[in-house]
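Pasting the structures in now, so scroll down.
Note that subunit A is present in both complexes that follow, paired respectively with subunit B and with subunit C.
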Partner chain A sequence: MTSFFSWEGLAALMLGGLYGSLFGAIPGLTATLAVALFIPVAFFLDPVIALPAIIAISSVAIFAGDVGSAVAKIPGTPASAAYLEELYNLSRRKTPLYSLGISAMGSAVGGMIGTIILIISALGIAAVARNFSSFEYFWVAILGLSAGIFASGGSPLKAFISLMLGLLLSTVGVDPTLGFPRFHFGNATLLGGLNYIVAMIGLFGFSEVLENIYQNQKGSDTQTLTTESSSQQFYTQPLLLILKEKWLVLRSALLGILVGFLPGAGADIGAWVATSVQKIKQGGNTEKLEEHEDEVILAGTSSNNAAVASAWIPALALGLPGDTVTAIVLGVFLMKGITPGPLLFDQQPELLWALYLTFFISNLFLLPFYGYLTARLAAKLINIKLPLLLIVITTLCIVGAYAINNNLFDVWIMMGMGLLAFILKRGGFPLPQVVLGMVLGPIMEQNFMVSMIKSRWDWASFFERPIAIALMLITLAILFFGMYYRKKMKQS
Partner chain B sequence: MKMTQTKIDQMSGILFLLFGIIIWIYTRNFPDLEEGYPGPALFPRLIGSGFILGGIILVITPFISSKVTDDSDEKSHFSLLNLGKLVIGLFITGLYPFIQPYLGFIGSISLIGFAIGFLLNVKPWLAALVALSCTLIVYFLFTYLLGVPL
Partner chain C sequence: MNLSKPRTLFYLFAIFIPIIFLSCNQPGNKTYPSRPISFLVPWAPGGMTDLSSRAMAASLQNILGTPVNVVNRTGGGGVVGHTAISQAQPDGYTLGAVTVEITMMHRMGVTQLTHQDYTPLALMINNPASITVRADAPWENIDELIEEIRNHPGELQASGTARGGIWDLARIGFLEAAGLPESAMPWVPSQGSAPALQELIAEGVDVVTASLSEVDALRKAGQVKTLAVMAEDRLPQFPEIPTLKETGIDWSIGGWVSICAPKNLPAPIRATLDSAIMIAAKDSLFTSSMSQAGSNIQYLHGEKLIHFLTKQDSINGAMMKNAGIGQ
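Right after this comes the complex of A and B.
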């Protein structure tokens, strides 16, 4: 614990937060890439300094992904695509300081709830996670997709078709059962599949450029006038909203934790389910959704960062990565000769408490501090005249798509996605559902095929295990209440 | 050219229906698992069926819906001139993989940024200034600060 409180330890946290905020805010750079590039440095550091630095990087980077959503409509993570429209619209209707304030404060509170749960029940939750087999994972993916249908706030049929498009895009490349190449059209680059970060940059960022070229817009002055000070907008108003909507925050954070600890795309599904539940509650009424955009953002962000903490539960307790960041962290553990698992709780309490403490520091200080700085920068960027901002967005789209794999072909993929988004927008088809389909497609297909092969194609096996049945019932409840509230709203 | 949302929905319904059928045809040569169980074709076919079903519903909904549409329906405007500008924008951006090996990162991205700015009616000197400064900032940030090669 002494090395954690040394000046090196605190400097690692501060620099980690700064590094994470830079990475998260730039389209195409992700929390995973930030952590991966930090590994050579981590190798030479004491684990009590290296691991907290990684937590600081990932916590701040995941929040900073929302900066791209607010300024350029480019989400940093699939989870932030769940509330992209709301964040972008609110940033323009009010100010980015307010919208990103909700995002940062919601993330901070959600992250702290997630950390508390991590401390008190890591071993217990890990025991539940141990009971998850391919059947349960399949139902979790179905749950996420069902939530996605109602998360658009528009036509569920169009959201369904968008999901199908995302699922189809996820089948590009080698199939998980026989290793058979699908939809690669003779191009070796496509054998590895489509990267969803590249797809997101095209779907949300480049499509905006195309849209504005097509509309021939000269751009309006988006300068927002407000009498409140920047700290009031960033801290006071979002905190008041959190106090007013405390049950929403708690519910969303718990959803994030409950779904987020599952290895794979837990955090993403958690955010989608949380925003979807909030939108279902608002009944899919577009006017009402506009009035309550801040609540949708709050639901998504508090779930998002709660899941960041809960992704560490299987990593610490079972040695199973909850997401790509914790997968890298497990590598660092092994590099340092630390074996994760139940014994870690007895043998390395100092390390564990340093990790817990970092989660609190990241959420209590780093997120509000770096969040405020990035939000102020976003507030400046958003006031740049639109055509000039579009030049910057085009540059970032090309660089972001290329930098992911250092592959020039990805620039064309990004452009193709931009064109697809442009066409889908004309038909009123929602775009975030395409990303959700791309993220959940491989999880659903792989677990479905594994389940079917091991049960020798006995369909009943999907309905035999208690957790699988519970997940199926939750899915049915989401579908039922989603339809019910939509019908009720149409009638009124 | 103006089109009602109902017409756009029906047209997209037909396109998705055809797309679903194409997926079914394309996957007919995908191999099966042992004992004839479905393999790599299963998921794409399920998705294809989803498109067919969704397409059919989109096409028939206006016929079975009691809502009178045509006149009150929101109209979308399509302009061939703007579509031409869009194609030029795509063409310019698509040049990047070709020109990057010759002009390098800074040269090619600056050129594309300038051309996009020009297309968006930005004054040429301002487009050049923004494109070049943005490129230099991105290059410095990625290469020197974050250690990501470009």
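Right after this comes the complex of A and C.
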């Protein structure tokens, strides 16, 4: 085997990071697509080089998803939709260097915590993950949804309505359990359902364009009046913030790990739960919200990268993929004749250590390095004149929506979602919750149906397994404390 | 040009959008192949169809001397991608992976498409279904499992894919051949083999009927054991696993992936592709990656392939009708 510490290995890491940051930053091009396109190349490479490159691609791409949020208000992943508003506002108010600095540094620290947990307790966590059946998944989806209600600063009722709208949109297409076609109007594309990334591009990106045309704004009003050097804004200030808020970071990272290791649930729910816990703590106090934007970003971003590492736990220890990226990686494993599972830990420690080391290098060096480059670029982009920026955003929206499935119909769906968002905004309904509903809807529906079929329609079966009950109690706690703090804030 | 005026903006949009849309089609009429070929895959990246298509595309690319790009066109339980392959221009620049689901989807009422809407080029892989249980399950062989199902009908549950999917048909056929009703081991639908295996090891279901290549990782990890494979003969990669036929149950079924082009592909282009695929199917790049992934290569083309597709369509159709799935 080629050594991991070779020129080829380092080159693979650097190129993987560059490739990942390009893919993550462009709306519609996802970490999954980046990894899928890399597979034919991975065929020819030694796994000790190919797998680190994949880790570099995916961890940098997931951070770079925030670049779209900062510049154009188009989140790259459903996870970054959780703190979209805060990231965008902070970038406009201060500078993208600072907001993306928090995002990159928070991701790096969260990713390191995730990696450490992966090293110490992969087999232990896998033993827990092994016991997850459809009942537990159902409760995790409910947990994510209830977190969504309090993740917006505004009215919980409006957030709830947005969530329900998202759930409703997720029912378009073939029913995931019994294969019954719904709401397709004879259109083969609609049979596949509405893609949430396409919806996200329309809801956030295209609606912003409509909004600006409607209000006919003149020129951009952003002024970056800061005296600090750019590296201070990107590195020093966010790191000081992390030191100050170390418990917040640790809590969010642990939440990310907790939810991230579940096969199929992944980073998205982690970011949503961490963000809403932070917001519940802050209460519905809208006056002070601006001051706390950076903390909300920090909570979301440290949990979603912690989840990236922990998604590898079930893949490595059980051979079950935790998300699409690890599903692809498992495919590469099999092609290379590597069998995941407990045996991997005994028989191929050098491969495992190469993986762990890459996680550290990606988080310690690649994220800060490529993060800084993309943030510098974002700082330039954000000062572009508004009309020109709108044209760029529209182009990105169209290309991005098309690129997801190489389907023209998705472009129309994207535009329809933009219109829908435009109307929702008039009523003050939050948009990220619509995306959350669309992401969690199928997971919830599928696991509910499977549980019911399995238990022969016995409702009590949802309350019989210990982990399921624990998840239910956490859900109730979030709902209770969410309502309680809201009420308290209103009274004071 | 003053960009801040809304009217100028509007004109820019008006120019921009059609250009993007039109640039998606570019005609070409030189000797085939003179530009990159798209290879559509109706299933998600990382699955068996995707992996075999990517290995095949990599080999074809060397042989044809032009890029062969794999494009995942997922959704609708495969309907979206299969439709896209059949509706493409029959110019040889769009090929795709047509999978066993083509024999089933038109009976579920989700599409009119059948295998007759394509120009079939070759069968790539055919992975037989297995009967897999938890490693600590009390049954040591297939006879003991059948005995258990016979004595306690309806108690054990099986999973592997969606209701009416290929592994569900495998279960129905297996029960039927063993002289048991379909309800003796009910089906729990899942989103694919990975979630079904997760349910299996979490003790949510008792049997998984997915293909050997899909259960192989967990089998080697010592989490599950495979009691039988639903094939005519033992598989070369898994000589230790008996076939159902050996135990006197005459039933075999598999999930297969074929390469098809849109209907009415011109004969010269078809001949070029035919010979290229024939070489690629024996290329070590393709064969070694398939055998390491535990996938079973079955290469068929021409008349034999058409015969295979017709037979599969009628067998799976009869199975669905008996079980009351679809229309």
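Here is the rule we use: the second predicted complex is superposed on the first by the 489 of 492 C-alpha atoms of A that agree within 3 Å, B and C clash if a C-alpha of one lies under 4 Å from a C-alpha of the other, contacts with A are read in each partner's own complex, and residues count from 1 in each chain.
Here, a contact is a pair of C-beta atoms (placed from the backbone, for glycine too) under 8 Å apart; a residue touches a chain by one contact, two chains touch by 3 or more.
In this text the structure is predicted, and so the values were computed from the model without any measurement.
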Which of subunit B and subunit C A:L381 touches, first, second, both or neither: neither
Partner chain(s) touched by A:V399 [first = subunit B, second = subunit C, both, neither]: both
Which of subunit B and subunit C A:L390 touches, first, second, both or neither: both
First (subunit B), second (subunit C), both or neither touched by A:M483: neither
Partner chain(s) touched by A:G173 [first = subunit B, second = subunit C, both, neither]: second
Which of subunit B and subunit C A:L22 touches, first, second, both or neither: first
Partner chain in contact with A:L408 - subunit B first, subunit C second, else both or neither: both
Partner chain in contact with A:G341 - subunit B first, subunit C second, else both or neither: second
First (subunit B), second (subunit C), both or neither touched by A:I213: both
Footprint overlap on subunit A, comparing subunit B with subunit C: 177-178, 213, 216, 218, 387-388, 390-391, 394-395, 398-399, 402, 406, 408, 449, 453
Residue ranges of subunit B touching subunit A (in the complex, touch as defined): 5, 8-9, 12, 16, 23, 26-27, 30-31, 33, 37, 39-40, 42-44, 47, 50-51, 54, 57-58, 61, 76, 79, 82-83, 85-86, 89-90, 93-94, 96-97, 100, 109, 112-114, 116-117, 119-122, 126-127, 130-131, 134-135, 138, 141-142, 145-150
Complex interface listing, subunit A residues touching subunit B: 19, 22-23, 26, 29, 33, 37, 157, 160-161, 164, 167-168, 171, 175, 177-178, 180, 182-183, 206, 209-210, 212-216, 218, 387-388, 390-392, 394-399, 402-403, 406, 408-409, 411-412, 415, 419, 422, 426-429, 441, 445, 448-449, 452-453, 457
Interfacial residue positions of subunit A with respect to subunit C in the complex: 32, 35-36, 39-40, 43, 130-134, 173-174, 176-179, 181, 188-189, 191-193, 195, 213, 216, 218-219, 263-264, 318-321, 324, 327-328, 330-331, 333-337, 339-343, 385-388, 390-391, 394-395, 398-399, 402, 405-408, 446, 449-450, 453-454
Residue numbers on subunit C that touch subunit A, as the complex places them: 3-4, 6, 8-9, 12-13, 16-17, 20-21, 24, 44-47, 50-51, 54-55, 57-58, 70-77, 79-80, 83-84, 108-111, 157, 162-165, 186, 188-191, 194-195, 197-199, 201-205, 213, 216-218, 220-223, 285, 289, 292-294
